[in-house]
Amino acid sequence: QAEKKQSFKVCWSIYVGWIPWDYGAAQGIVDKWADKYDIDIDVVQINDYIESINQYTAGQYDGCTMTNMDALTIPAAGGVDTTALIVGDFSNGNDGIVLKNKDSLADIKGQNVNLVELSVSHYLLARALDSVGLSERDLTVVNTSDADLVSAYQTDDVTAVATWNPLLSAITAEPGAHKVFDSSQIPGEIIDLMVVNSATLKDNPALGKALTGAWYEIMADMKSKGAKGDEARDHMASVAGTDRAGFAQQLDATRMFYQPEEAVAFVNSAELKTTMQRVAEFSFEHGLLGDGAPDAGFVGVQTPSGVYGADGNIKLRFDPAYMEMAAKGEL
Amino acid sequence: MAAIEIKNLWKEYGDQVVLERLNAKVEEGEFVTIVGASGCGKTTFLKMMLGTEQASRGQLLLDGEPIAAEPDETRGIVFQRYSVLPHLSALRNVMLAGELSANRWLGLAFGARRRALRDEAREMLESVGLSQALDKYPHELSGGMQQRLALAQTLIKRPRILLLDEPFGALDPGIRRDMHKLVLDLWQKQNLTVFMITHDLAEGFYLGTRLWVFDKERLDPQDPGRYGARVTYDLPVGNSDKGTLQSISHSVDSTARALA
Amino acid sequence: MKKLINREPGRVGKWALGLLPFVLLAICYLVASDARLEANPNDKLLPAMSSFVDAIDRMAFEPSKRTGEYQLWVDTVASLKRLALGVLISASIGLVFGIATGTIPYLRAGFSPLITGLSLVPPMAILPVLFIIFGLGELAKVMLIIIGITPFIIRDMQQRAEEIPAEQVIKMQTLGANTWQIVLRLVWPQVMPRLLSAVRLSLGSAWLFLIAAEAIAATEGLGYRIFLVRRYLAMDTILPYVVWITFLAFIIDFTLARYSRWRYPWFHGAQ
Amino acid sequence: MKKLINREPGRVGKWALGLLPFVLLAICYLVASDARLEANPNDKLLPAMSSFVDAIDRMAFEPSKRTGEYQLWVDTVASLKRLALGVLISASIGLVFGIATGTIPYLRAGFSPLITGLSLVPPMAILPVLFIIFGLGELAKVMLIIIGITPFIIRDMQQRAEEIPAEQVIKMQTLGANTWQIVLRLVWPQVMPRLLSAVRLSLGSAWLFLIAAEAIAATEGLGYRIFLVRRYLAMDTILPYVVWITFLAFIIDFTLARYSRWRYPWFHGAQ
Amino acid sequence: MAAIEIKNLWKEYGDQVVLERLNAKVEEGEFVTIVGASGCGKTTFLKMMLGTEQASRGQLLLDGEPIAAEPDETRGIVFQRYSVLPHLSALRNVMLAGELSANRWLGLAFGARRRALRDEAREMLESVGLSQALDKYPHELSGGMQQRLALAQTLIKRPRILLLDEPFGALDPGIRRDMHKLVLDLWQKQNLTVFMITHDLAEGFYLGTRLWVFDKERLDPQDPGRYGARVTYDLPVGNSDKGTLQSISHSVDSTARALA
């Protein structure tokens, strides 16, 4: 039902894997690629991550940055057919679980765990508990807004938190804090995406091409060694509210796909389908797929290695086509 | 034909009869003073004259037509309190009537019209002795000055009928006498028909050409609302021998005690 | 034809006119919702009436699959407890301090500027400080309500206590009252109905702070639920919750108003 | 020895008593901060005075490295703009609707129930809906303020308009005024000073909503900054910002009060 | 020795002189009525008697001692308004004085003490004609009933000095006469010393054993606050020939006009 359009809006929020968009917008890289395909792309920063996804789901934006889990549970479960255009990275230590004055994950039993409920932290917790044979029933989850996690950690009430960077590094810097589990132990499961509305993309391939092209040019700047690379990384560090060293530390915990080939390989692997199945099952158990959902496969997820869930209700598509074009230099 | 005709007028609030069987004719230019015990319905009668209360039965005719059922320009009123607009200076209070008729939408006058209104208002204020207070707000004026201002404001509109509800009740005796003179003066000049309520029998006799006494002829002390008040005396003034005065005063007092 | 200002609708007219905007709003919603659902049957933003019914049924009348509790009632009880506690404590502090500063000039001189200052601090801005001082438990939520509304109540009470006619204070003294007795027999009973109106006035803010506190750290409560399901845009849950909160607010306000009329007839009669 | 209730502190005494609690608070802070810093020199919770000075200097008097702007001023201007716009629009709507429903019985019957209903909806609970309807630009922030305070202002204005003594309305009619002229020359000028007090009363909530809105979607503004640095517990930034907001709130309130006294002497004189 | 001695009393507000050079002696049991133009300082004098205002110069002695500088039990007062406590029923209003002295901390009485207080209060209310209204709140009473209640409340405390500031100003003439009887009756029974302000010269003459007229001897119309009022007439009542009455009335009126 979408038509050919001239101008597009995509939004992003502050996270290490998405900050490059700000650099791209500020340096005119996005504009350059948009001009090349004769469209306009407006890149908008949104302070609140969830609000950015809600806005995308409500149709205010054509594309948005989000994780694989949120892409499944919010737009896809809300009937907005969504395509993961760019797979930028996966979290490789950027999400973690911290215990106060305890150093083993099993000690989490019986504690209150403060985290943003229903977020990837929650998922991480579920996966961590699996790994030590516990379940969510063995502890109490306390929903805590991410803006307040750091100050919450200062209080005696809070003994366990699950969160992401940069909050994670602020909390682990506190005396007595022990990181007992992090996303490097479940590599490839928390994936950071740029998603776009499938219908819009279908009718406007130029949008996909421009965004993908811009992204890999940004990636090239970001990983280059010289002054240009430093400038790019400094820009991103200051947007993240930290310095070069702090940003480097966050990057270390992120598995960036600087090359399109890496991302294409990742998407094409059979692991992705398994990951999405885990995520879907977790989401279903927590009611995130909506009340209409009879089972975890209610929302179909299309990956190159096959469809997980209902064939007739595919709403989330991992489509490496545009990244392949980038890899082949066809953009 | 009498200017105002009251034909078998009743007023009831639910079960309570306030006024019953009022009948009277008032000519243009009469000055009717009204006395009566507190709560016997004097203000209610004035409200019916004004159009803010409607009769339960009977008719109130002005020039043979039922009187308008809402306040309008034919009838001016001065209450005991709240009679001037607190947000306007004395001069603007008096200019108001002219401004309202000068411009239907803005209620303001401009240019020559405005100057004319101002001069007229100034003259009026002078005649009530407020030429020193043109630019003062009502809260800066004493009670007596406020009531004089209210009179000026009302009379500049030249209403046919002037209604006064104890306008001088809150004033010092001396000031009150000044006001009496003023009212009589303006009444004669403008040929007004005046209805004035007062608590003070002597004032009633002194000012009016005609004095009405509202009183309950029948009084059930267990249920004072059972019967309404009527005009029990309707005296052309001049006829005020001492006996009448005392007997009026006596009957009003005993009603007052029953109602208090 | 009377002037517009003098025309009053009748009894039936009043009801009809009062209901009209609500009906119009409902129709607008239905039209907009239909349009969106036509485009995307899974749209979450403006769910159909049937989704509301389902959601209400699920939340209020079916035990939750995960915990076995009736979600709506658990949330309601949790929130109302916090609200009641916060408002009660605020009202007590407001009463005591308001009477003290409103009655005793020396206390007024000492506390008034402080209270004025505190009343201007936006509580949302000092949330981190609050957490650290009061922890993250129930106490913090109740404290946010208290910090949010107490300065207002104190100031209102102080003003009301100051408004008591000086004649009555003098009267008490001529009847032999000392300062404490004036407080106990004159000021306190006279500000009580005013405390009720101050509480009614501040209930809106109290809800606001409650919801804000629950959004930040909680495991149940009406605000918690709304902000949680916001994560997946479950408007079919959010809107009934909002209506429910509005309804609760209305009931509380109405009850307080009625109670005040019944308990303090002299206050309402004299107005 | 006079009764406590009859004793008034002198001019100097009043100032001294008024300042005392502030001084005590400052001392408490310093002691607590020292104690914490002794235990952990990197403690962020209660920074020393010198950290405040540094932070203020950095924010107010040095251009930001990234943008070259003076952060505090940029934030202040952004927030004040939103606040002013939101409050102005609310006041205008409140004035128009309040006068309309307070003066014309037919309009009152139609709108009053709706406005009462709306005033009870907690705006924080419908934040997600608001953002979706109004987007995330300036509009949404201003709208949150408007939705938060307008019902209150309308209701206040309506009540004030109804409170105008019936005698004055009658008076206007006997001077020949029609309904529109009564509104224009009687009701409107008389509710204006009351509008100012309603605005003063609702400024607290307006700040609250502004901060809440900026916390969710903004790129500058006082609330944005506080929520941004809250993630890192940068109390050396948060506390000066809080003091600054409090100060701004005080100045605005004071200015409005003064303006009202100057512009509407009859209103304040008659009270 | 006189009970109350006023020695060269002045009262100034800033530049404005309200009262100047007051000198008088009042014996126990006298009934002093005070008349004077509005704004000439009658209430100010009463406030000094009460202790809520302090003299600028001079002395006010009770039994040779300076009178207490704050209200206390020796002086009872009835104001024109706000004279009863709105949150207590009539009976509780009258019981209040007893309750306050019964218990220093709670201001409440219990058991036999309470019953005794109630009986006493009931009797008092009966004597002012309010036996039908024991459990009514003040707002349910008419103005006259409220003032009777205020008198009962004040007199049950048996103050030495009773101060009345136009207590009957708002009442109907008939009701007012009833109140006069009541006050005279209680005054005689309790041997009170009474100071009563009134606007009504006739009332002043009728009630008092002594009439004071407050007036400005010197009056600067450009600056009315330049000189204060004094007691210009101090008449033992009985001496009220018609000429005096008229000349008082005349001088008070002209002051009133200047101040209005």
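Each chain gets a letter, A, B, C, D and E, in the order it is written, and its residues are counted from 1.
In this text, contacts are C-beta pairs under 8 Å (C-beta built on N, C-alpha and C of every residue); 3 or more make two chains touch, one makes a residue touch a chain.
What you see is a predicted model, and the numbers here were worked out from it, not measured in a lab.
Chains that count as touching both chain A and chain C, per the definition above, are D.
Of the two chain pairs examined here, B-C and A-D, the one linked by more C-beta pairs in contact is A-D.
Each chain's centre was taken as the mean of its CA atoms, and the one lying most distant from chain E is A.
With centres taken as mean Cα positions, chain D sits 38 Å from chain A.
Computed from the mean C-alpha positions, the centre of chain B lies at a distance of 47 Å from the centre of chain D.
Separation between the centroids of chain C and chain D, computed from CA atoms only, is 18 Å. Looking at chain B, one finds that residues 70 touch two or more other chains. Within chain C, residues 3, 45, 127-128, 132, 173, 178, 215, 230, 233 each touch two or more of the remaining chains. Among the residues of chain A, those touching two or more other chains are numbered 54, 58, 148, 151, 154. This structure has the following touching chain pairs: A-C, A-D, B-C, B-D, B-E, C-D, C-E, D-E. The part of chain C that touches chain A in the complex is made up of residues 39-45, 54-55, 58, 65-66, 127-128, 131-132, 135-137, 215-219, 224, 227-228, 230-234, 236.
The residues of chain D lying in touch with chain B in their complex are 165-168, 170-178, 180-181, 184-186, 189-190, 264-267, 269-270.
The touching residues of chain B, when paired with chain E in their complex, are 37-38, 142, 144-145, 172-175, 177-178, 199, 249, 252-254, 256-257, 260.
Listed in rising order, the residues of chain A touching chain C in the complex are 1, 50, 54, 57-58, 73-74, 77-80, 114, 117-119, 140-145, 148, 151-152, 154-158, 286-288, 290-292, 315. Those residues of chain C that touch chain D in the shared complex are 3-5, 7-9, 13-14, 17-22, 25, 45, 103-106, 109-114, 117, 119-129, 132, 152, 169, 173, 178-179, 182, 204-205, 207-208, 211-212, 215, 222-223, 226, 230, 233, 235, 238-239, 241-242, 245-246, 249-250, 253.
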